[in-house]
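Next come two complexes, and both contain subunit A; in the first it sits with subunit B, in the second with subunit C.
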Partner chain A sequence: MEFDISGARIFFRIPTGLPILGDILITETLVISWIVMAIITGLCIFLTRDLKVEKISKRQALAEMMVDAATNLVRNNTGGTQFDKLIPFVSALFATSIVSNLISLIGLRSPTADLSTEAAWAVVVFIMITSEKIKAGGILGYMKGFTEPIAVMTPFNILSELATPVSMACRHFGNILSGVVINGLIYAALAVASSALLGLIPGAVGDFLSHIPILSVGLPAITSVYFDWFSGCMQAFIFTMLTIMYIANAANG
Partner chain B sequence: MGNTQELVTIIPWTFIAQILNLFIQMYLIKRFLFKPINEVLQKRRELADQEIREARDAKEEADSLKVQYEEGLANARTEAAQIVQSAQKEAQVRADETVRQAQEQAAGIRRKAEADIAQEKKKAINEVKDEIGGLAMDIAGKVVEKEINEADHRKLIDEFIKNVGEAS
Partner chain C sequence: MRNIPTNHRRKIMDYTILAKGIALAGCAIGAGCALIAGIGPGIGEGNAVAKALEAIGRQPECKGDVTSTMLLGCAIAETTGIYGFVTGLLLIFVAPGMFMGYLG
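Right after this comes the complex of A and B.
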């Protein structure tokens, strides 16, 4: 029995011949990202069907609660309404992240278990942070910010600036990947264990039963509470919170 | 399993696609969740505002009506008081007038009566004087039988009468 953890499967390869970008790969990551988007959008449309002003349905109450929660999260952490334009972005980030993380529960490979996804998000957030900083202090003020408190610190400041998106991406990716790896290991180990256990039964019956990983039922459900549910929700929340905090801090100096 | 990507790698096209996906997702959430929900919330807020406004308007109207009513009541009260006062005044004036007229009338009657009395008295005195004069003349003529100057006589008699008048 060998166990192998690999990256996302590649379904198609569209050759482009471009030097750095390389071939377009239609991978599991992309396909499942589209599924995630379809789920989120479908949920939004479903929740906002026939809205009423009075005597609202439970569906509408849930939708309003979500909108309220997103609005309050952004407003409370930025102290005011100046970042209201960020609310849809933050919500999209959170929703995509959490649904991507939790989609592994139905046996699909999380798009967030691919560093390309988190890197993409982190770079977008990094660009937003930088643009807020430039908007707040001007391009010169932004440059000058690197030399503080003393000019010697400049390389370290640049390093810490670049560390922001890298750490955000790697934190999220690492957590989700660890879930994938641990769950893979548990499933493999339990399959080996049940094979060994049932292989003790002599004759054809044991031969047949040893191919059914009977021990895989039960224990993975418990470990997945932490590695999929908790970790998935936590990382989505952390990534979103960090985005809001970094952008608010950038704008406030 | 050769048809998989590396476990930890960044594939440029996937990277770009995921950035686009994020923004498409942002638009979709904005379009399908935030826009309708915020519209409904806005509508509800407007409705609540409108109800509050209407309640305030109604209260203001009621207040103004109350003020108007109270004003009217106060006006009526003062008017009534005025009417009573003026009626009293008029009655007083009229009574005074009546009393005065009565007094005047009484005084006139009295004056006239006095004047009549005085006139009657004078007339009576004159008549008496004339009669007494004549009588005295006759008596004197018969008693004295002596023709005296009538003028002297008159003088005497007048003196006499005067004395009588003064004595009466």
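Right after this comes the complex of A and C.
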């Protein structure tokens, strides 16, 4: 059965002479990320047109509901209003993650099925966590924090510090990639099954019909409810929640 | 002194096929071992659901809260199982191509 699990396709390669970074690749991930950005920007512009103070439209009520939900999420998880500067970043991360995960429902390959996307988010979050820790305790306090409780534990503490962004990125990536692979396998298996079944019809009709994967309609929709909808929304929510909790933890010492 | 025949030549074996076979076998066995990591989340999430059911039994009106917290916890506990799954996927689909490239 023809089943192609290679990564995102590379559309274009701009050769540069940089030694480590290499050429600039215009991949499928990049192009679909632009589409995701366009969708989110269009949604934001649409929701914030004609804002009024009284007699608000349904559109404005929806926008206010979303802002309220984001604010309450951050405030309930950090206890207080001292992390209000996190609310825009967290909402942007959540929106990007959800729209990227759910764009596979249209047939495009999610940009989050490529580890580069999640690695970029994890690096940004790691830098924010480290900077909060350094702001809370100073550079010496940060270094000393690795030797607690005993100095022998230093390598383990460093390892667990590095494990934070790696595990956040790999958790999100693994869930989305497994959805992509299993969906691909189910489609391929159903195509083989339907071509074997329809090939039993004798003559040219059977020949022609065996190329149409009729059995592929229906079952992938049911598995996609778990893999695309539930898993996609859940992973976006977990990434966001972990970001808030790690940053709040880091600032509180 | 024994007479060693002069027409004894050492056979030169081509080990490439053997090497490719060993590499592919290693990938397959590794993929099987990687998915043993699925035991962990199964047991852990089963425990979590059991505790959640106990809590709902004791206090039926907090069902919504308990359910969403349980799902959140399960998704985080799933992480190590997903690590094993992605490793298995890479070993089945990506590693053979890579190793065949190295071995020619």
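The rule is short, and it goes like this: the second predicted complex is superposed on the first by the 253 of 253 C-alpha atoms of A that agree within 3 Å, B and C clash if a C-alpha of one lies under 4 Å from a C-alpha of the other, contacts with A are read in each partner's own complex, and residues count from 1 in each chain.
By our rule, a residue touches a chain if its C-beta (ideal position, glycine included) is under 8 Å from a C-beta of that chain, and two chains touch if they have at least 3 such contacts.
Keep in mind it's a predicted model, so treat the numbers as computed, not measured.
Peer 1: Based on the shared subunit A superposition, would you classify subunit B and subunit C as clashing or fitting together?
Peer 2: Pair status: fit.
Peer 1: Between subunit B and subunit C, point out the one touching more subunit A residues.
Peer 2: Looking at subunit B versus subunit C, the one contacting more residues of subunit A is B.
Peer 1: Could you tell me if A:Arg171 is touching subunit B, subunit C, both of them or neither one (first, second, both, neither)?
Peer 2: second
Peer 1: Return first, second, both or neither, reflecting whether A:Met234 touches subunit B, subunit C, both chains, or no partner chain.
Peer 2: second
Peer 1: Per the contact definition in the header, classify A:Leu47: touching subunit B only (first), subunit C only (second), both, or neither.
Peer 2: So A:Leu47 only meets subunit B here.
Peer 1: With the two complexes superposed on chain A, say which partner A:Val124 touches: subunit B (first), subunit C (second), both, or neither.
Peer 2: first
Peer 1: With both complexes overlaid on chain A, what's the closest CA-to-CA approach of subunit B to subunit C, in Å?
Peer 2: Superposition on chain A places subunit B and subunit C at a least C-alpha distance of 8 Å.
Peer 1: So which positions on subunit A get touched by both subunit B and subunit C?
Peer 2: 5, 173, 177
Peer 1: Any idea which subunit B residues touch subunit A in the complex?
Peer 2: My answer: residues 1, 3-19, 21-22, 24-30, 32-34, 36-41, 43-44, 47.
Peer 1: Where on subunit A does subunit B make contact in their complex?
Peer 2: Residues in contact with subunit B: 4-10, 20-25, 27, 29-30, 33-34, 37, 40-41, 44-45, 47-48, 51-54, 60, 63-64, 66-67, 87-89, 91-93, 95-96, 111, 114-117, 119-121, 123-124, 173, 177.
Peer 1: Provide the residue numbers of subunit A that touch subunit C in the complex, in ascending order.
Peer 2: Those residues of subunit A that touch subunit C are 5, 167, 170-171, 173-175, 177-178, 181, 234-235, 237-238, 241.
Peer 1: Under the stated contact criterion, what part of subunit C meets subunit A in this complex?
Peer 2: Residues 71-72, 75-76, 78-79, 82-83, 85-86, 89, 93-94.
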